[in-house]
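Structure first, commentary second.
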Amino acid sequence: MPKFQSKKLTKEVVLRDPVHDYIHIEDQVILDILKTEEFQRMRRIKQLGPLSYVFPGATHTRFEHNLGVYELTRKICNIFAEKYPSRNSGDGLWDDNNRLLVECAGLLHDIGHGPYSHTFEHLFGTNHEKIGQKIITDPNTEINHVLREVAPNFPELVASVIDKTYPNPQVVKMISSQADADRMDYLKRDAYFTGVTYGDFDLSRILQEIRPYQGGICFTMAGMHAVEDYIVSRYQMYQQVYFHRVGRSMEVILQHLLERAKAVYEQGTLQVTPSLAKFLAGDWTLNDYLELDDGVMETNFSMWTKASDPILADLANCYLYRKPLASICIDDETKSLLPKLKDLIKQAGFDPLYYTDTNSAFDEPYDAYKPSGKNANSQIEIMQADGQLIELSQLSPLVRALNGTIQGDERFFFPKIMMSNSDEPQIFDPLYQQFQRYVKNGKLRYLRKPKTNKK
Amino acid sequence: MPKFQSKKLTKEVVLRDPVHDYIHIEDQVILDILKTEEFQRMRRIKQLGPLSYVFPGATHTRFEHNLGVYELTRKICNIFAEKYPSRNSGDGLWDDNNRLLVECAGLLHDIGHGPYSHTFEHLFGTNHEKIGQKIITDPNTEINHVLREVAPNFPELVASVIDKTYPNPQVVKMISSQADADRMDYLKRDAYFTGVTYGDFDLSRILQEIRPYQGGICFTMAGMHAVEDYIVSRYQMYQQVYFHRVGRSMEVILQHLLERAKAVYEQGTLQVTPSLAKFLAGDWTLNDYLELDDGVMETNFSMWTKASDPILADLANCYLYRKPLASICIDDETKSLLPKLKDLIKQAGFDPLYYTDTNSAFDEPYDAYKPSGKNANSQIEIMQADGQLIELSQLSPLVRALNGTIQGDERFFFPKIMMSNSDEPQIFDPLYQQFQRYVKNGKLRYLRKPKTNKK
Amino acid sequence: MPKFQSKKLTKEVVLRDPVHDYIHIEDQVILDILKTEEFQRMRRIKQLGPLSYVFPGATHTRFEHNLGVYELTRKICNIFAEKYPSRNSGDGLWDDNNRLLVECAGLLHDIGHGPYSHTFEHLFGTNHEKIGQKIITDPNTEINHVLREVAPNFPELVASVIDKTYPNPQVVKMISSQADADRMDYLKRDAYFTGVTYGDFDLSRILQEIRPYQGGICFTMAGMHAVEDYIVSRYQMYQQVYFHRVGRSMEVILQHLLERAKAVYEQGTLQVTPSLAKFLAGDWTLNDYLELDDGVMETNFSMWTKASDPILADLANCYLYRKPLASICIDDETKSLLPKLKDLIKQAGFDPLYYTDTNSAFDEPYDAYKPSGKNANSQIEIMQADGQLIELSQLSPLVRALNGTIQGDERFFFPKIMMSNSDEPQIFDPLYQQFQRYVKNGKLRYLRKPKTNKK
Amino acid sequence: MPKFQSKKLTKEVVLRDPVHDYIHIEDQVILDILKTEEFQRMRRIKQLGPLSYVFPGATHTRFEHNLGVYELTRKICNIFAEKYPSRNSGDGLWDDNNRLLVECAGLLHDIGHGPYSHTFEHLFGTNHEKIGQKIITDPNTEINHVLREVAPNFPELVASVIDKTYPNPQVVKMISSQADADRMDYLKRDAYFTGVTYGDFDLSRILQEIRPYQGGICFTMAGMHAVEDYIVSRYQMYQQVYFHRVGRSMEVILQHLLERAKAVYEQGTLQVTPSLAKFLAGDWTLNDYLELDDGVMETNFSMWTKASDPILADLANCYLYRKPLASICIDDETKSLLPKLKDLIKQAGFDPLYYTDTNSAFDEPYDAYKPSGKNANSQIEIMQADGQLIELSQLSPLVRALNGTIQGDERFFFPKIMMSNSDEPQIFDPLYQQFQRYVKNGKLRYLRKPKTNKK
């Protein structure tokens, strides 16, 4: 392939980063991307959204994460170029002509994210992946302009690495696979900023043992346990951080808040900033999207706390001032009790539509084989001394235990007061007590075992 | 003194914190303060303001810092209560009846801060210390309501600890002195989130050697070097982080941006959110103040990027998308050259009023003796084996070197393009070259040594 | 039970420790134990023996580990005394009268160890557990003397905690169980000194969630994932550090070296220091044992490098100057090839008795159920909100995956030269090549698949 | 200069190191040096000698430190080769042909050290620098043999780098200057293993800003504060660790122990291992020196605890089982009281010759100018934007404060019992009390102010 050139900076620029120590920028094009409005905007979008309500340190943003993925990509290219340089096409080693391409892809892989992406997408039909592709390939963006300076088709190539259609699997998998620069950065970064040490893993060792092969990227046998540890850390971060019940509760509130705002907007009575109004009206452009950030959303929420609609005002207040719903675990069997519970909640004065919800948080910590689905073809391979590859779960009992399993839980969220148990008698106490009989050890339960039909 | 009681929580609440590992909450009143709107609002105000433009990790907020100061205060009370409990009034040891009071003061010492406090105060005449006192003592705030539950005069007592009028110097100096819980937390926290390791010091050792005495808080001889190290770390953080030239450049832009907004507002053409409008109009209430946060400010800045006033639009753009001014060091001698430079800058098309500024950043790293001023009576004392106190700079050559000195620099800020040196000839190139002749090694210099009059 | 008293120190003594920051000593008796010759001697016995040949940083000694176990025990007592104090006998909470007892047991649990304990015991029939009991209960030791100052039966009580016959299971399991102070200290310590980050786990969280119950010590539900992480870390340390093939190779050499020394000693020609001579002669006392340490052993090895017996001299040289044997994995099937390999090795000039060995390294990372054996009754229990206990592997898929399994490998050790492959032809090259045909990907293999009899 | 070649390893060898994460070995010659007996022997010599009696974690050895210096040297070469490659002789940039030479020098710079070098040299007239030169250049050593494989004069060149006679100042100063790989490694390493965090400094930043110049090695202006911090850390480590009064006490005991052993040896009654005997007899060879290590010394001390000479036996016991002397600060004025104190000590039954001593511990934390002496020409230079050099103390007030000063103290050591103050009256109590009147706040003092003659 042709080598994409970028002017080298006469003196490298470094940014201090608590996770990687320094981010090293050696190319003019990388520096220029950083300076674009679309990229700088990432400074105002928190990486973990409402999880900062649970882990106060987790205020880090997508800006730093993108830089971190770039830095890891750069380091892996350095390692590959030094230890595994391709000598002739097809030898399965690393062609360093791909370096600038993969570095840009690493830097831009999340560029399409907006505030609270997942909740937002669900409600407004935005799609951060498609928007990301557009930001890169639309000739009107600053990023596209910068990338085009490298080569006319460079933006499209960067976009193809991110959407995994680029033909070289080493390049694609450096950014998107079960052990890619993206995941490695966010696990270490989220662990650092939350203060949760589970998420830490031995990145030095992994970088010591990573290597290219014909089909993508793998690890040598000496790195097997470091990769195993990384998979376990990932599982732990999901269980302890990403699936935290209070974080999910805040997400439930956020979703209902936006739903209610939409309803009120349709009645024509909502005070709202222009950019967000476009989304409530269902008629937005890329520029509107780029104007959104956490601050804009919170500014709207703050205005809504004074709305005349009492549910909107209350939900805005709950979100902004961290007043989460309570929750209990449910399962397929106990779900049939939910109508009963919702009825009690309604009697206690809450609209179940806005004050209750069920929410599942499940993850496949590792998936070796599933031929389709989001993890398709992304098993982690370990290379033996003779070059033979063995899939990770064949070697590790821990990964085997997690392989293909679904970890997580399903929860029912409801107003905290339903669990209250105060000394002073209150009007709804009998209702609360009735509700609480269904809850034991944080789980929903039957008061009487339901009869099962004979089979 | 009477012991202030608060209901103990049946089970302590802990918050994960990357700096202190856990924040431990044992009292209902502490938990209730956390839940107030005035306190939750701190989540939306960054601790280091525009410095996150320089250190991308520095997105941590005043919320976490306040929690950290509380936690350090709690730890120091634990140590004092165990090792130095007062047996009779006047023995100079620790009366643990002050615990709840000082913990609340630690938690609330910064509650009056708003977004970009220093710039904001300068322009709008707000005062975060007075506002903080008001938030605590005004009967309409949630915080006042919570504190009053402890005792009717409890809010006033907490406020008196913060404004240093409370009679017990041990209580006051735990929060406000040259080695207090406030400084210790922010140094460690800012170091952690910026990734700058200079700011780290040996907190374990300091807590091992801290002790009360009649006149306040001191350290035993065995802790001298740890305290010395803390003073040096503080100096290093000022030189490396707080005084960073790019951070100051962003502050200069912010100040000019708000000044210009005020001017445009007075012409009646500014689009602005209601809460900020009150400040531009010079007619604001506590509630208006409490509605401000970083997001509200940035939402306004974002709107202003489309303002018809070109200077306002450009400055908003420069701030939001990190386009700092350049700067050089100046001193009393070279200052007389500034009119000349401003003239060149004006010729190059920039209004010097909005595109240049001088800014001093100076700090007294330690001040042992000055009988007046902000550090009065705040020297650090080291206790000898026989109980005698020696002031720190008498023991440490490093502290002696910093004592009473002023460290920092004064800078002139101006548009970056004035330093440009591109290959392609541009219209203003002769102007730029003329400008650049005055700059050497980052300093302003005379082209010819000015004549000095004979004496 | 009666409270055992020890004079409190007027000022606590602290020792700096990189793992726990400080070791806090508050009791005269603890300080006095530290000062005994039997305890100081631990400074000269490395915690990980020959593993420092693999991980150069791992020079830490049993002295520090014993201090660390003491410190963890002290911390757990503090937590139990504050959060779970027993109010009446039989309530399943913590009786702090046991504190001094369990702290001494923690400090002394490994006091019977000598240099290279495991190898030494195997060859000379010493038993570090029995010797430890003797050091504590023999009226002629300094430690016994110190302990007797507390109470006449105090030494026996301390010994009974260590040998698990003391009736209170909380006290026993704080020192000896699958999640005890001993294991927690050595995992963190060995990880710190080797530099292998796998071994790190979230000790703060575990200490936050540890609690006593009727049957011993358990963890609350909120601590489940931290305990799971600890079990996984333990497994990782075994696979990566304790079972390291080169470490085991050095142990094999050590064992053969001592065996050969014994043989030469019996012929009456060995130069040996008096204390070690006693063991070679099979006639030793406690005092002889206490005179051994790593330095004494190495001093002997150094003398033996000049022995006239060539095998002894060579093995001493191999051990002292780190010349490990090579190794390959074997299994029950391939073991039958070993006579063939040993024959080739013999032809190449090495006595297979001293230059080859098989060595198994297997561990049960966690064992929930086995009714007998060393882990009997030591499953880890997690306490639900209602007080009900659930065994850890019921909750964690990772622990379930490890539960009752045997992890590790069996290896055949042999001279490295057998794998040599030099450019210059050497006399034994055909032998080496023949040998190497049996090895693939670090494993022993059949050249032809052995015929299996029809069933 | 000619490029010295060494066979590159087909696969780099890495050693895990807690300070630098990994030590990377890429050359056969480096690996071969590691395997020599002279180098392996460093594993048995503790880096900080008796300081492990004060900081229990400080059991790390000269082996690891030597590896660490090598690794830092390798990293600096990488940085210089990438950022500052010499294009023509005399351009003041880095000639990478020196790489193997300086790496070997880094690895071997301390090869001449034996056990307790400083005490040993003082008593037996050994000189670790001369011995180091001999180990490298003597044709009978394994190290010389390995080095000669590179080129016949390679051993002499390596030796000339270490003794600073090699003509290229960049090469020499990478190993020996006020900010060299040696000091940087030992500060970080000693801080890590003692657990004293003062010694930590920002190595990443220093490596980011280090650069070659005509006269050696300097740092860019952006690294000034990192270098300043390093100098301060160095000062702190001296004050807190290297000059620790208990560590010096153990050194005093060690010295008197060896002196007494010499005296007893001369009387012909000492039991001693052959290698040490040679030194007591004053007739030793390089091979004798290479046979010494910490273990051999301690084995002798252990034998001596049973010597018939009571002073020898007692001193051996004090050293081996950590029974330090007490100490107080003295100065030129109070020194005249020492005969009086020694007299009291003698009356209490101790031979002042063996049980008292004075010991100075002083260091110049930084020395910019002194034209002669060990720091000659070793000031640290900071390079301005225009290439001009400024000496560090001109820029840093902290370094200026330390520059040329002497930090430390002088102490008088004596038996601890002189300070005893027990409840039970003892025979020597009046003596002890008389002694103690001279001590206040850890310092020797006059009971009456001595009269000064009129001038």
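Letters A, B, C and D name the chains as they come in the text, with residue numbers starting at 1 for each one.
Just so we're on the same page, contacts are C-beta pairs under 8 Å (C-beta built on N, C-alpha and C of every residue); 3 or more make two chains touch, one makes a residue touch a chain.
Computed from a predicted model, the values in this text were never measured in an experiment.
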Quick one: which chains contact subunit A and subunit C both?
-> B, D
Higher C-beta contact count, B-C or B-D?
-> B-D
Farthest CA centroid from subunit D: chain A
Whole-Å gap between the CA centroids of subunit B and subunit C | 51
Quick one: report the Å distance separating subunit A from subunit B, using the average Cα coordinate of each chain.
-> 33
Subunit B to subunit D: how many Å between their CA centres?
-> 42
Spell out, as numbers or ranges, the residues of subunit D touching 2 or more other chains.
-> 21, 196
If you look only at subunit A, which of its residues touch subunit B in the complex?
-> 15-19, 21, 35, 37, 40-41, 43-44, 46, 52-53, 55-57, 59-61, 63-64, 67, 192-196, 273, 291, 293-299, 302-303, 320-323
Residue positions on subunit A within touch of subunit D in the complex are 14, 21-22, 204, 208
So in the complex, which bits of subunit D are touching subunit B?
-> 196-198, 200-202, 221, 225-226, 228-229, 232, 235-236, 239-240, 384-386, 388, 397-398, 400-402, 405, 407, 440-442
